[in-house]
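Each of the next two complexes has chain A plus one other chain: chain B in the first, chain C in the second.
Right after this comes the complex of A and B.
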């Protein structure tokens, strides 16, 4: 009884391995194919059959003659991915699989953020580049991506990064001078460009001068600049505050041509201060000491 | 008569528990086993647990959408989870399948997911999934072959108003 069972199991195993071999023995497939390139599949036997090449990215169906070489033309299979091949003949079905890999880099997608930022910000600009071939497949083979940030002044910043899984990224510093900068990512002769607007930072120091103007005080700031010497944009609000005899007066004035001007009542012993954003300027005490 | 009623009352919780367990097993059999590699070293942006959970959930949901869309040759089923190139390619496949009278049934069984990149500005996240699935091919509704497949997929997801959507979905040689 035991020997019969062993024999039966052995028979099943032999039949199983034979069938498994037969499934792929007649079908000769490439292991990998580059997207869009021509390739061929060798079949065995005779008679008519239907060839299916199936994957989520693409599907093909061909009527073929068994025993002949099945040729697929350039562009027939252009989407990268894993493909199952099934060859259905009159009496047998064979299957196999192969991979289609991306072709050479042909397009680059650059995401640069932010599009507008203050000057002199360390690591303030980020660039992410995804590399694609001509069929919009992500190129997973490592490629060198050159990032360059060229502003209105100074030497351009350059970094070269090797892609991992089709993506490369870097961080750049904003320049010390305001203006538009070109952020370029390049692979070979393929490039993508974004414009980064570099604007002045927060005011660095704020000073005002106060003088008598009839019964009132004429107050004017010196030109307001950031720490790199760039003029702070017109429209930035400057706040003047006057404290007198227990009273208080406040005036908000937008910068015009780099300076803010206003008039306030002249009270003996009043204290006048100036501020913009979180930056405090100087303080002036008017009249009697 | 009274004894029978008592017996029934005793067995009722066991029967109930058994049916709940059976339901869970049946339900469980349709769910793919999912393993996510630790994400501590993912960068350059720090990946918060909440983001990780959402990304994995939406990616797995995308597999369900893909499966339904390719099985029923329905392009509209892709709208929820795919955008950009990934969607365009799947739409192309579905249209070709419909033209040829082909259907493909994808049943994912196992995912081994590794989040490999989270962009500094938070606008894209990339993961690599070593996935095992069964693919059944039907020609004019006649099943031809089922193949068990193990493949390495690279996916790039981008955030939309309410969820992450798959923008790049591509298998590569292991």
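Right after this comes the complex of A and C.
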């Protein structure tokens, strides 16, 4: 694409050099044009000429009659950026430039990170919104973006941010209650939504109970919760360790329905401890001291 | 003309010699590959206890179960199927897919009609070698010696129903049709909670522990890069199988990364790269590790028993031992595989070797296990 464009510009330059001295006069161009809108270019002089409009990812070529108004229809130019206009007439070449700006906001893309985080994390969620027009041009004109994070409980958090160079960003806190939160960015009636999973944090006050079960010990934790009272999800590994005279037994048990339960050998005087990750729970000494 | 006939005769003779040598050599090679050592070994008469045991080992190497069983002196005590299951396992396991790499025979005691011989069978598997030691009684019957095989009958699990609250995680990843801003599912958050570089055996060893601090299962690896003073990379290695790759939420795995031929004095810093990928996984089976003991001696081991608390057969179990000194610092990580399948509620012994100089410093240890079941992922 780039080489083709270079070749085309080279051709234009050669044509312009060969036709130098042809009768043309000034071009009248708009300074800015909104993407996708119709506009016109006024030429002067007489005779036939060729008009080239070269811009980002787009080149137009038109055979024109000098002295007439050259009209470009809606949608002819839809990529925002800086455009160069070259009018190659019978004996001379004229050039000029104009800018195509983005149209009205038509789409919004929200990047929210992370998609999963622990509850009660201050500034843990970042949201970045990009505003685009209908042609996927980044809308550089400042716009107010409203961010809203609504969880399963409590009042939603709201921030309104002015875009800078087409981008607006903010940070939000995760809620104290677990669950999926809707993170919405909105400009006018355009919105984009992401789902943020707020998950329980580290377990708090991990406790277990031990009782005899035949020749073995039945060990079961109390329902495992984080410091905000959220139930730690099933599948979380709880490690039971039993240290007895000259030996040790361990077992990694996943939480199921909120509790971890297992059986271990029964030894008089054994010490049984419980942990999950780097969080320690209580310790139980079994049998006689 | 005469010299030409002579040359033709010499060439023909040489050709015949080479064909014979090649054929004979090939036979020798095949026999050696079969574990026989040489062709004459196959024809050895069991005229001594040692020869009888060697013959048996040769037959085991060739998986010639019929001959091996028929030559046993105590075959009336068990069936050939029991004998095959003893050596190959009843359920699919490392043992089922192992081949006998080598063996050695050590006479322990002998009288005119009776002998005690130790047979060390070294089996080769995809995860390394394992040693199977059998103390055999060899009895004389006429001019022949016959091996009394000490059968180890693998327990059979009686038909039953074991209820399991099945728990697994499934993952829906980002699709190609999704908006470019749509985030993919977040990779699990993992954290290295301990790490020590150690100068050992002419190389550097990185020891550490990794925690899955997320609420989803993770497939984890740890890579380490040793950096020199000028920040150039000396070497990069990863933990390979000295780690438990599947970490459930809040689970901790030890890891060990070895760098050969690098001195710790060359290393200025270590760049650690833990990586995690969200995977579909199951929370079962649960395996209890009981009777863990550090056995000191010339060849220290961490031994214990694995007890599969779930209702599913575990085909391969990998045990990782983490060792701490009296200040609670991690000083070594070692691992081993269990060659027999873990049947529900049936203890299976394991032993993981520990370097003797490390064993003397160990104050406490922790064992973890990862399992593989052929009829289910994980």
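By our rule, the second predicted complex is superposed on the first by the 262 of 289 C-alpha atoms of A that agree within 3 Å, B and C clash if a C-alpha of one lies under 4 Å from a C-alpha of the other, contacts with A are read in each partner's own complex, and residues count from 1 in each chain.
The criterion applied here is as follows: contacts are C-beta pairs under 8 Å (C-beta built on N, C-alpha and C of every residue); 3 or more make two chains touch, one makes a residue touch a chain.
Just so it is clear, the model here is predicted, and its values are computed rather than measured.
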item: Touched partner set for A:160, first chain B, second chain C, both or neither; value: neither
item: First, second, both or neither for A:130, with chain B first and chain C second; value: both
item: Which of chain B and chain C A:264 touches, first, second, both or neither; value: second
item: Which superposed partner A:111 touches (first chain B, second chain C, both, neither); value: both
item: Partner chain in contact with A:209 - chain B first, chain C second, else both or neither; value: neither
item: Chain B versus chain C as contact partner of A:82, first or second or both or neither; value: first
item: Contacts of A:247 with chain B and chain C, given as first, second, both or neither; value: second
item: Shared chain A surface residues [contacts with chain B and with chain C]; value: 111, 113-114, 130
item: List of chain C residues in touch with chain A within their complex; value: 165, 167, 169, 179-186, 193, 211-217, 248-252, 283-284, 286-293, 304, 309, 365-368
item: Chain C-touching residues of chain A, taken from the complex the two chains share; value: 109-116, 130, 192, 194, 199-200, 202-203, 232-238, 241, 246-254, 256-257, 262-265, 276-279
item: Chain B residues touching chain A - in the complex, by the definition given at the top; value: 44, 66, 70, 85, 88-90, 92-93, 96-97, 100, 102, 104, 106, 116-117, 119-121, 123-124, 126, 128, 135, 137, 139, 144-145, 147, 149, 151, 154, 156, 168-173
item: Sites on chain A touched by chain B in the complex; value: 31-32, 50, 52, 54-61, 79-82, 84, 86, 88, 93, 95, 97, 99, 101-102, 111, 113-114, 126, 128, 130, 132, 136-138, 140, 164-167, 169, 171
